[in-house]
Amino acid sequence: MSADALDRQIAIPKESLLETARRLASEGFDNLHCITAVDKNESIELIYILYSINKHACVTLKTQLALDDLAIESLANIWKSADWLEREVYDLFGVKFLNHPNLKRILNPDDWDVHPLRKDFSRPDLIKKPKY
Amino acid sequence: MVSILTFIIMIAVGAAVLGFIAVSAMFLIWWERKVSAHIQTRYGPMRVGWHGVLQSVADVIKLLLKENIVPEDVDKPIWWLAPFFAVVPSVMVFVCIPFGNLFGIDLIARDLNIGILYIMALTSISVLGIFMAGWGSNNKYSLLGGMRSAAQIVSYEVPMIISMVTAVMFAGTLSMQKIVEAQRGMWFIFQPNMAVAFLIFVISATAEINRTPFDIPEAESELVAGFHTEYSGMKFAMFFLGEYTNLFIVSALAATLFLGGWQGPFLPPVLWFLIKTYGIITVLMWVRWTFPRVRVDQLMGFAWKVLTPIAFANLAVAGWILLK
Amino acid sequence: MTWSSVETIKENIHTEEFWVNMGPQHPSTHGVLYLEVKLSGETVVDLITHIGYLHRGIEKIAENRTYTQFIPFTDRLDYIAAMGNNLGYVLAVEKLMKMEVSDRAKYIRVIIAELQRVASHLVGITTFAQDLGAFATPLFYGFREREKIVELFDDICGNRLTYNYMRIGGLQFDLPKGADEKIKNIIKYMRPKIDDLESLFSSNAIFTARTKGVGALSKEKAVNYSVTGPNLRASGVKWDLRRDEPYLCYDKFDFDIPTGVNGDSWDRYKVRIEEMRQSLRIVEQAIGGLPEGDPTIKVGRIIKPEAGESYMRTEAPRGELGFYIVSDGSAYPYRMKIRSPSFSNLAVLSELAKGIKVADVVCVLGSLDIVMGDIDR
Amino acid sequence: MAVAEKIPASGLIEKFPGGGIVLTTGESVLKWGKASSLWPLTFGLACCAIEMISTGAPRFDIDRFGAGVFRASPRQCDVMIVAGTICVKMGDCMKRLYAQMPEPKYVIAMGNCAVSGGIFYHDTYSVVKGTEALGIPVDVYIPGCPPRPENLLFGIIKLQEKILKESALCGRKERRVR
Amino acid sequence: MIKYFINIVAGAISLMKGLFVTFKNLFSKAVTVQYPTQKLQMTERYRGLVDLRIEKCIKCYMCVKICPTACLALAHKETAEKKKEFVYFKYNMELCCFCGLCDQVCPTQAIYLNQIYEIAVYGRDKLRDIDLLNTEKYGEWAHPTVK
């Protein structure tokens, strides 16, 4: 089995994300593979999975965002793929990405004000599957 | 007395022509569906009549029953007139198409001595219908389709007319009937430079009647349905009718100008004419169901950089052969 | 009229750029994609991609389904290559549980995944041809050929499109009797058909003129946009997870990784044609060396992985499909992120579309081979 | 006439002796025309769209029923085959497409998603619970996930039966829409 | 200039190749199954509608628990002799995704997916709350009358 991105995790504070990202980019991590978030109830964890196609290496950045301050620097200027991935995270979790070129909802209708993948999300028309 | 008789004959001929056009268009639609189906190794319409021969009848009945939607923002007079402009010129062309003769009567409504000129003039009008539809629909897709169509037909008219002129030069007449008779000894297509003219004619005619690979005015994958996006019911059917009548006309013209028209051994002339015409139509269908569509700039480039120069060179060669 | 007066007329003519909406219902947007295209005449000035018209909230559903119950949902992500999604998901869960499956199960998974790749590329290429205006015939040829594979899958797992065949820890069934013979026949049948398709397109002057040089994506851009799969390889990057991070038993097979040079629509098409041949090669080797054993598992027990996380990416037909699963130790995943290949592949469209003709937008979109279910999830 | 036997509605003539024959024949021909020429809208939403194309493809060939002319413009089609999951964002578009179709128009809900939301009924926030929830009347429901192509053909036969039962001239009127 | 003509000729030849492929297919046999008159044999593993062998069911609720869409509803009561008896066993075809998990999980092969595949209805109520205990529940679909 090959290298697993999750085996090399770097936990960083949110202030130093941009700086770390720039350094990793200059070290040859040319592919921002995936950005996602996990709602940990008291905080939201952002996960950036980076690959380097030339060097065949991978690394995962993790950063915690407090629920009352969901804003972080955007990486869209370093990796173009971050553009849509960040919009998706914004749409589903409500994390605001600063200096993002076009931070709008991507999957859900523009006029929604809820973020569906939060654990506290609910809608009146949502029917829960009965559990047995 | 004589004038009444002429009038009756006129009406009869008109009815015969219109009837033929309607039946022929319906047959062609069915035929196209069958040809395309068999190219795709399936059957096509099967459930109405023998191998679905009545399919087009059902389609026409259905289109007659359909609601006629008039979008609010259309430019009404233009929008209403467009289908007629698409159909009427192609019907009028039938006046001087020589179908051969039956029991000693020449099956041609009127053998005009400027037959070819008349046909050229009328076929150019049908683009007006398409352009009117595109403009009047007040729909961006339609507008793009109409614009493309105008540009396309203006370009392809040139090589088409030049290749027709080549045939006219060899025949030495503009009358359709006489052109056929001029091919009594040998069909024009068996002369090398006429074969080139025939190819140019067929290619530019395909473009003229908006069939694949030159169907950019109605390009389904780009413009939804092109110039007739907003038309429904019978108006849409009229565009369909016009399209298939045009298909018949260009094939008939190709048969008349290059393949010896109704001439041929053993079989009656009418049959020869229909065999040749439907043969060309089938080839055009075969081409349609094989090729992708060219892009609009490539289409123009092909007309002006390839077809037109070759057509002119061919014309010059034809002149040289005649003078020799 | 002098030349200068023509110039003044040109200056005085008022031209206007206008917006055209393509979609959400449009014949060539492969489903429900909505493109806003700003046109100047026929040339694209700007293109905005709107997605989400098929957003079904599968990631939310995942949090309310057990691990086994979620398998049917993976079928509905990339519905043209459902087996690929099945495989990616079960591999991710197996990685989370640190589970190994039997050799036979691995081989069968490879066979199925590669046949699915052939079926998917057949659809991809032929819908691309349909977008170029080759009306229905190539599309129907593609579906006719695909039907053979679909019927095999119907035989193996009982459904034509949503297979639900892979299981966590193995497979639902072993191959039915006579399946290996059928697979061999499919390989025999498919090879000349791929050649036929190629001679229908590759040598065709119109097709070449429409695709060569259209929508060229450079190596750097492709990597920067995180484009994956055949689209990445078409740009000249020799990157294939089956070779570079082998999962299952791909390291035992001998196959080439086709790459393109310019990254234009032509290369993307060509890479797919070549990949189908390579996939058939893999299937041939795998069916030849199919080990004995029992690929099925005893199912029905509740799967409860330990708390933890796993990220597994596989080479699905459209690119790298990643499943990121966070488990909290219960029977339900705490969070599941599906990193779908088409999502990143589509993001590059607005970049590629600038300055080309409107007919080429359709061409580029078709050559990217997207599936809306995969993008919107 | 051999052809007349193939016209499905011709059997009705026998039921009306005497003067009714002409009228009934005329009407049944109209109905037959409507039923034998159902042009669907090119409207694939999700998974079922692939099966819809498969139905059009050589193996099953929907064109045998005269329903193979997939029109991209809603103005020119008769039946909307709702093939796939309808999402909240798509709902308005679908209503509009339905309004753009000329009468008489029919709707086939293909697949459980279009019938009721199906597999995406529970726990999801962005799926409309079926075509009817949008206020679009459905003529034939075809359950399945996705239905086999044969099943779609069966649904089309059912729709043809329904058309042959209703009045031939329903929905014939002129209407102005935007 | 020579290149110009070579291009044209090469283009024409390439188009001929494409025409040849379609020509070959034009005269090959159609692959169509003419559905209402010819029917395909469903495979052994085909997943049709959910069906029940009533006598085999031990009311273990495994199928109800595993169902991803909650389309099965089962209730039972215990008789005096400690025997389990059905109160109802309902199947909601509208929600079913025909995934076959219930079939696979059933310890006694009581619940299974049958071979019926021709189902089309004018009203939705026929699809809801199908009583699995009724042996005639799929009567008209099991033998559809298609001309």
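Order as written gives the chain letters A, B, C, D and E; numbering starts at 1 within each chain.
Everything below uses one rule, namely that a contact is a pair of C-beta atoms (placed from the backbone, for glycine too) under 8 Å apart; a residue touches a chain by one contact, two chains touch by 3 or more.
Owing to the predicted nature of the structure, the values given are computational and were not obtained by experimental measurement.
Engineer: Which chain maximises the distance between its CA centroid and that of chain B?
Structural biologist: The chain farthest from chain B, judged by C-alpha centres, is A.
Engineer: Going by C-alpha centres, which chain is most central here?
Structural biologist: C
Engineer: Suppose chain centres are the mean of their C-alpha atoms. Which chain sits farthest from chain D?
Structural biologist: Taking each chain's C-alpha mean as its centre, the farthest from chain D is A.
Engineer: Which chains are joined by the largest number of contacting C-beta pairs?
Structural biologist: The largest set of C-beta contacts joins the chains B-D.
Engineer: Averaging over Cα atoms per chain, report the distance between chain B and chain E in Å.
Structural biologist: Here chain B and chain E have centroids separated by 47 Å.
Engineer: What whole-Å value do you get for the distance between chain C and chain D if each is reduced to the mean of its CA atoms?
Structural biologist: Chain centroid spacing, chain C to chain D, equals 31 Å.
Engineer: Could you give the separation in Å between the centres of chain D and chain E, each centre being the mean of its C-alpha atoms?
Structural biologist: The separation of the two C-alpha centroids amounts to 21 Å.
Engineer: Would you mind pulling out the distance in Å between where the CA atoms of chain A average out and where those of chain C do?
Structural biologist: Roughly 24 Å, centre to centre.
Engineer: Going by the contact rule already set, what residues in chain A reach two or more other chains?
Structural biologist: 107-109, 116, 121, 128-129
Engineer: Residues of chain D touching 2+ other chains?
Structural biologist: 57-59, 61, 64, 72, 89, 119, 121-126, 145, 148
Engineer: Give me the residue numbers in chain B that touch at least two other chains, ranges are fine.
Structural biologist: 37, 39-43, 46, 220, 224, 289-291
Engineer: Write out the stretch or stretches of chain A touching chain C in their complex.
Structural biologist: Per the touch definition, chain A meets chain C at residues 1-6, 30-34, 36, 38-39, 47, 49, 53, 56, 60, 79-81, 83-85, 88, 92, 105-109, 116-117, 121, 128-129.
Engineer: Show which residues of chain C lie in contact with chain A when the two form their complex.
Structural biologist: For this pair, the touching residues of chain C are 51-52, 55, 57, 59-60, 64-65, 220-221, 223-226, 237, 239, 244-247, 309-311, 313, 320, 322, 324, 326, 334-335, 337, 339, 343-344, 347-348, 351, 376-377.
Engineer: What residues of chain A sit close enough to touch chain D in their complex?
Structural biologist: That would be residues 107-109, 116, 121, 123, 125-129 of chain A.
Engineer: Please output the residues of chain C touching chain E within their complex, sorted ascending.
Structural biologist: 65-66, 68-73, 137, 141, 144, 147, 154-159, 162, 164, 172-173, 176, 196, 199-201, 203-206, 208, 299-300
Engineer: Considering the complex alone, what residue numbers of chain D touch chain A?
Structural biologist: Result: residues 88-89, 121-126 of chain D touch chain A.
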